[in-house]
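Below: a set of structures, written as structure tokens.
Consider the two complexes below, in which subunit A is the common component and subunit B and subunit C are the respective partners.
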Partner chain A sequence: MTGPLRAAGPRGRALERDLSALLGAGAASCAPADLWAMSRDCWPRALLWTKAGVAPHPPDVVVWPASTDEVVRVVRFAAERGVAVVPFGAGSGVCGGVVPVKGGIALDLKRLSGPPCIDLPGRTVDVETGMNGQRLEELLSGAGATLGHFPSSIYCSTVGGWLAARSAGQLSSRYGKIEDMVLAIEAVDGTGEILRTQDVPAAGPDLLQLLLGSEGTLAIMTKARLRCWPSPAARWMRGLRFRSVQEGMAGLRALMRSGLRPAVARLYDPLDTLLAVRSGGDAHARVPEPLRWVVEGAGGEALRLALRAPTLLNRLVESLPGASLLILGFEGDGSCASADAREEGELALRLLAPEGADDLGPAPGEKWLANRYKISYRQSPLFSAGAFADTMEVATTWDRLDALHAAVRGAVSPHAFVMAHFSHAYLEGCSIYFTFLGLAEGDTSGDPDELEEAEGRYDACWKAALSAACDAGATLSHHHGIGLHKQVFLPREHGEGMRQLRALKRAFDPRGILNPGKLLL
Partner chain B sequence: MNGLRDDLSATGSAVVAEGEGLRVTPPSAVALGKAVAVLRAHLLPVRVRGNGDAPVEAPAGGALLELTALDRIAAVDGPTGIARVEAGCSVSALETAARRGGATLGPLVPSVRAGSVGAWLGGPTRGERGIPGSRRETAALSVSAVLADGRLAESRAAPRSATGPDLDHLALGGSGRLCVLAAAWVRLFPAAPPAYAAWRAPDLGAAVRMVDRLCRDRLAPVRGMLQAREGEALVALSWEGPEAARLWRGRAVRALGEPLAADAGPVVRAPASSRGIEVDARWDALAAFARHPGAAEIALYGMHAGGAFAVLSLASEGIEQCAAAARGPGLRVIAPRRLREAGPSWKEMGAGAAWDRLVAALGAVERR
Partner chain C sequence: MTGPLRAAGPRGRALERDLSALLGAGAASCAPADLWAMSRDCWPRALLWTKAGVAPHPPDVVVWPASTDEVVRVVRFAAERGVAVVPFGAGSGVCGGVVPVKGGIALDLKRLSGPPCIDLPGRTVDVETGMNGQRLEELLSGAGATLGHFPSSIYCSTVGGWLAARSAGQLSSRYGKIEDMVLAIEAVDGTGEILRTQDVPAAGPDLLQLLLGSEGTLAIMTKARLRCWPSPAARWMRGLRFRSVQEGMAGLRALMRSGLRPAVARLYDPLDTLLAVRSGGDAHARVPEPLRWVVEGAGGEALRLALRAPTLLNRLVESLPGASLLILGFEGDGSCASADAREEGELALRLLAPEGADDLGPAPGEKWLANRYKISYRQSPLFSAGAFADTMEVATTWDRLDALHAAVRGAVSPHAFVMAHFSHAYLEGCSIYFTFLGLAEGDTSGDPDELEEAEGRYDACWKAALSAACDAGATLSHHHGIGLHKQVFLPREHGEGMRQLRALKRAFDPRGILNPGKLLL
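After this line comes the complex of A and B, so read on.
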């Protein structure tokens, strides 16, 4: 892996010198390893670059500010010189949102991670945005509190990244998405002004909601006040089986419309159900080859062979028994935590029985809870095996959900093996989390033609998926954001709203230095 | 002016003289867009009625955009919990239609209930209401907004999204300044019988603290009525949710103790005092009002862990005195309109220059 590690150019060295003078020695670097680390995030297409040994868009310099004041100084420095500034959290994004397509300054915010101020009686925590998610949750836990925000990236993501991309955690049906948890932020706009939204009733358009999700294009968020809650003292977990995914959707809707607040509500389509209960046994014995190779996690040639015929694989899925698994969980806190969680769970079981749910007992839910972060770390072995794996999270209202599921499955089938689960449920609708598994074909290491072909397959799959989602009336992203990856579809989502988006850019970043080339800005 | 009238009439809008200006009533969102474009071309003062602001007359030499003809309810989908409605439709008409579909908007402050959907979403509450879990969110699932040049921006109707900033918030709470809210998909709750309970409290301040505690424990009621009585106070609350209302009530009883035997329903359902002011307030600010010697009643809506919308009233004094007694940190008067407080502005948040640039970039619909 020596390809991406190129030496910095004269522009980078000059920026390193000037920014070190501005912030102090050690605050800036143009060492090749630093530039490479900030040249990408966990976008699967960027993994193809890495596998091929290329880094097409390195920054010129990396800077580590340690305070809001230092962020202001860097932004003003950059604004005077017209240099791009790309804020960087922990690089866990999956859409290329931090790829510095115009070079410039990668602003790594991890030093903004001082101790949080936790006010559990007031249900708030004040935190700097470079704080690692898992670290924050550990600190909160020490104070008997939780944010309730558990994205699968929690070990390698920051509060700032969550806010910038409107993140969602696995317990969102109880705690909400990050935009439901944030009460106020401090941010630095593209002119170097410090913006401080306030946690008090205010008038006019909500400044906070206009900055959240802006992916570093409007302002760099430096601090946040978030809602926190007492740590749950008990959990009640369950698995339920529906005869079909449609029955499962109806059950999930009935559950959310009932007023109950499950912490976990995840419905898996038949194939994802097989993967979720990967313990094998009789269920897997009925799965025809080559589908079984994929379900059982085959690698190497067997996986590549299976993925050469994605349409066949997807048709084989349709021949499976239609069972659909719902993982359900409730939490309780306080002195009656166990009884409360059980009471809500049993009420949910009574509610779901008429919808056709079979109670599988606590084991599937507890298994999911124990393994819930592991799926995120299975991607690299798949890439090594010559496949690509990616996920697409779209959302819509209940009335359109089944059609959305069918449309995306149909569109992606010729390109990749596709499965889905339904998570992040609300009163009015739900997100669908599709997983694509496709063939990256051959060995991309160091061969530009192979890389181009792999990128072509990847892009074709995504184009089909996003087109189908748009046509079905879904939003393009529920919680991963847009980044480089989805931005060409943004006008289909926003229409004339793109004019509003561009107006926001002119308002907050008139010189266009903040993360240029993202959100089509 | 005649050329202007002709141009406006050509949009399909009804145009009548009003005071020293014109009142323009478009019959559709498309006609509204065309009318906005015409008015922009003539660079006239414009006000919008039905977007959170309610000017009585057209501005001198300008036009009042009247949204009352945009009153259609295109769809009510009770099972999904959504309704498609135009901005000029009254909130009460939407509630009636929602009820027919087995759904409801939930409890709303009186000024919202008496106004239009556009006024609700574009006004000082931004369409926010309480949702299960002691949280608050806007009722607008998506909005159709006419931009200053007459184009129509329509957001996707999804429960949440991550496709950049939430552009709906240029319309929500914006009082028609940056764009005119023409229609929306609105979120509905399932209609179900509420569960009620009432308790005695030592005084009105303690009553506020009892509700505050429930909200911090994620047991937020949907509606509350706190009343000062002889030497004590009454706390009457209700919860909704087809399956969950009784559950939350039971837990509130566990937290606050055995409730009064009397049916709390009539107290909770009773209209708030007509001599009250409507506020958006934090719990501390409501507790501070409750300590005022003349404080008589606090009707609660949109409760969440941080505070609530409320109608506050004094026992024997009028609205102005009530507002004077209530004003303080963490509280903002939202009705009546003449007493409405802006709260912290973008300027106070450090974004004054950004606001000016935004207005310049978008063009303001309202020109005064």
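After this line comes the complex of A and C, so read on.
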């Protein structure tokens, strides 16, 4: 046996036997490849494990329930025996939320993906939570509808994962985050009881909103009723340039407060701007060499050389022109009485001109649209080249936004190369999406301590970043969730609420079997 | 001692002494008038008690804390002794939510009403929860801002009451319900710990949304950060007539889905239409005599005579012209890039014309605006005339709306005269606001059993109404809350969620002192 594949132990084999008896042959497995696949998600720190050939937290067994009733049976089975149950969607999470730190049962929900029930006149779709995001959008599209939810993980994420981690899609300024789209859920709690919320406004406390973002620690969501929309009939895309990030933020805020609802509104900081427009001609003329290696995705030695001195690299960014790119898009289904996408776009241009926006025409917008999912797939080549890329999405109010941006840049600067864009804007504030690029490999390739060193560098970078974000009054996570990764910072966010969270855990999951070791629960 | 005023018992006097020692002189009272004032809200069934000269559920003592810290001290005091604590805002509730059924401490929050902190550039206002609604709106108005929250109780309700019962204002189609406006809260749980939620999107489970609608059973909300808006610069009001309620509903749905955001959109059923336009000239020509007594607010014997035969009265309504009035209004702060109030109004007219809407001009809209709070003050004269008026606000999805309306009308018809309007429309559905007019007095005025008889008639009417609403797939309450009044129906709404609610109660209030006997907790 090489690499992270490891044979199941006797506990795993016993669970496989019992769960196969419970749900039927083929519903459970403790084959090494299955255990490895469920031992991690796309958390970059877990990729370091994979690279080092280890899987520190495999489950004992993987189970594939095919119905809510089967989920109930697995949960009751596990509750009786005190075995952990970790729900698993498609494994695209970037915070280690599905890592089964206490072993037990990895509950893969992919078979909970029967045909969705689309009611376009009622504007709803009923869907099982194991449904793949892109598949759902294709089925909706075939019925003339859209969910309007386009996370960059859409090809490899599920409805259940979205709900568990408060997902935001790229068009959230128009369609909202997943918590704004969900009208009702069905969920199985840690005692195996089924909770179904109504599809009407709640009378009394709202249990639906409580379970969103709970990352499998309070209940396992099995079905959801989501709001859908008629497919957009028209789309309008644009790029605009501001002289500075600060002017761009002011423009974005004015736009959100104007009553216009852009589908896309993403503001890039100078370096991210450079990346976003890098196929656009001579924009690179003044870019210093080491920066260019990074920006142009140079592989191997050049990249590693540059990343050895992140502070220098980050300082070089200060020498860039301060221009900040805004990608702006509108879309509509043609039923809107007030304006269509083009009209709304032109109103936005008129509103943003006095804020200092130069109209760059449709090309930058169209280009962003064509490439919008690619970013998620750049990680592996970077990784092979000895770097790690990671992203941190925090959010705060408009008045604290610029300081948050500066504080995180400053804190991360000694650890990694950092860039950012501003997206998912709302009335009171906005999310900042930072990208960190750091050195994963040490100078001592092949040394057994190399993993520990790499993890240490990764952790130091994140500790600095999250401390700075909390100090600046940001939420810990806007839409990636908490997972293993950010949980030690959770008390900074919730304060006394942590005690309430623990009490909720006891209420929903008295045996403590649901995704233990997450959210500090 | 006559009527409902009753001297405090030894328990009350001891509590008064201890709490005065804890918070200072003048902070606690067990004077009979204070106990009576806190023994009920505006629940019509409690008005029957008042009329009969009884107060079946007085508190033992009333306390007026002036700060969060004082709330904490009272809660800790009560938790140590197992004494009930019932938070009280302004007593405008209509479901008996503040009736202290276990006696104990009535916690009047009116002194928690320091000057709000208005941040118009940030679009937020920080306010203590004892703040009166109209006072807050006046203070905001002075700063060029508005909350956009105008419940008909605004003169006699508080921010805390709004949050506790999921209040909706008359302009909710534009500004949302209170749960859409609140960005953060401070609350004291049943152990005296202070929970403060962040003013940024939640990472992990959302405790804020959990506490809304909890009616004082999980925590006592002491402060809130709410979204505010610049004062509207312009307003556009209109009346439109549809040939039937069904056409009106279809028009309302099309309007909400068009992307337009009316400030006001209220559709009246034929009888409510008649009431709404009754000063409008010859509309009454064809109104049968008994109906006219009711519509014209005839007092005394004529009204009682009519209400003795509610089924007949309800049948007479069928003979009315089926016309249905829509009151429509737009308002804007002038900063909207897409349209101002007038433009949006005209777009709405163009959209609604093909749906069968006749434009009645601005007068019906202006009239509604001028009289919009008066409805809350019609109850007392009716009551004096021997009738009771009550309202039931339920909500459901568009496809179930017409059936809900018919089912509730049918169920209530033998018990009370019933009319309705449709308001608080949203994308997936709409609220129906029913008004019941019934006979409060029996034929045996002066008989000691009279209260029991009146309560029996009242309860029978409501049991029929709520059963029909639940059967038709409606939420129990859209914005009045649950209180004592509707709690037995709560399991119809929450199902397995009731077990979770009870677990939440144990988590937030382990001693069970917070507003016991409500939400079945």
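Going forward, the second predicted complex is superposed on the first by the 507 of 521 C-alpha atoms of A that agree within 3 Å, B and C clash if a C-alpha of one lies under 4 Å from a C-alpha of the other, contacts with A are read in each partner's own complex, and residues count from 1 in each chain.
Rule of thumb we're sticking to: a contact is a pair of C-beta atoms (placed from the backbone, for glycine too) under 8 Å apart; a residue touches a chain by one contact, two chains touch by 3 or more.
All values derive from a computational prediction rather than experimental measurement.
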Considering only touches as defined above, state whether A:Asp340 meets subunit B (first), subunit C (second), both or neither. first
According to the stated criteria, A:Gly104 is in contact with first (subunit B), second (subunit C), both, or neither; which is it? neither
Now for A:Pro59: first (subunit B), second (subunit C), both, or neither, which partner does it touch? neither
Determine, under the contact definition given at the top, whether A:Asp180 touches first (subunit B), second (subunit C), both, or neither. first
In the superposed arrangement, does A:Pro116 touch subunit B (first), subunit C (second), both or neither? neither
Quick check for you: in the superposed arrangement, does A:Glu215 touch first (subunit B), second (subunit C), both or neither? both
Touching A:Cys430, do we find subunit B (first), subunit C (second), both, or neither? first
Overlap of the subunit B and subunit C footprints on subunit A, residue-wise? 121, 123, 166, 177, 179, 183, 189, 193-207, 209-215, 218, 227, 257-261, 336, 344, 347, 351, 395-399, 427-429, 473-478, 481-482, 486, 490, 493-497, 499-501, 503-504, 506-508, 519
Of all residues in subunit B, those that touch subunit A in their complex: 77, 79-82, 124, 126, 131-133, 135, 137, 141, 147, 151-167, 169-175, 177-179, 187, 189-190, 192, 216-218, 240-245, 247-248, 251, 254, 279-282, 305-307, 329-332, 341-346, 348-351, 353-355, 357-358, 360-362
How about subunit A: which of its residues touch subunit B in the complex? 121, 123, 165-168, 174-177, 179-180, 183, 189, 191, 193-207, 209-215, 217-218, 227, 229, 253, 257-261, 334, 336, 340, 343-344, 347, 351, 395-399, 424, 426-431, 473-482, 486, 490, 493-497, 499-504, 506-508, 510, 519
List the residues on subunit C that touch subunit A in their complex, please. 121-124, 166, 177, 179, 183, 189, 193-207, 209-215, 218, 227, 257-261, 332, 335-339, 344, 347-348, 350-351, 395-399, 427-429, 473-478, 481-482, 486, 490, 493-497, 499-501, 503-504, 506-508, 519
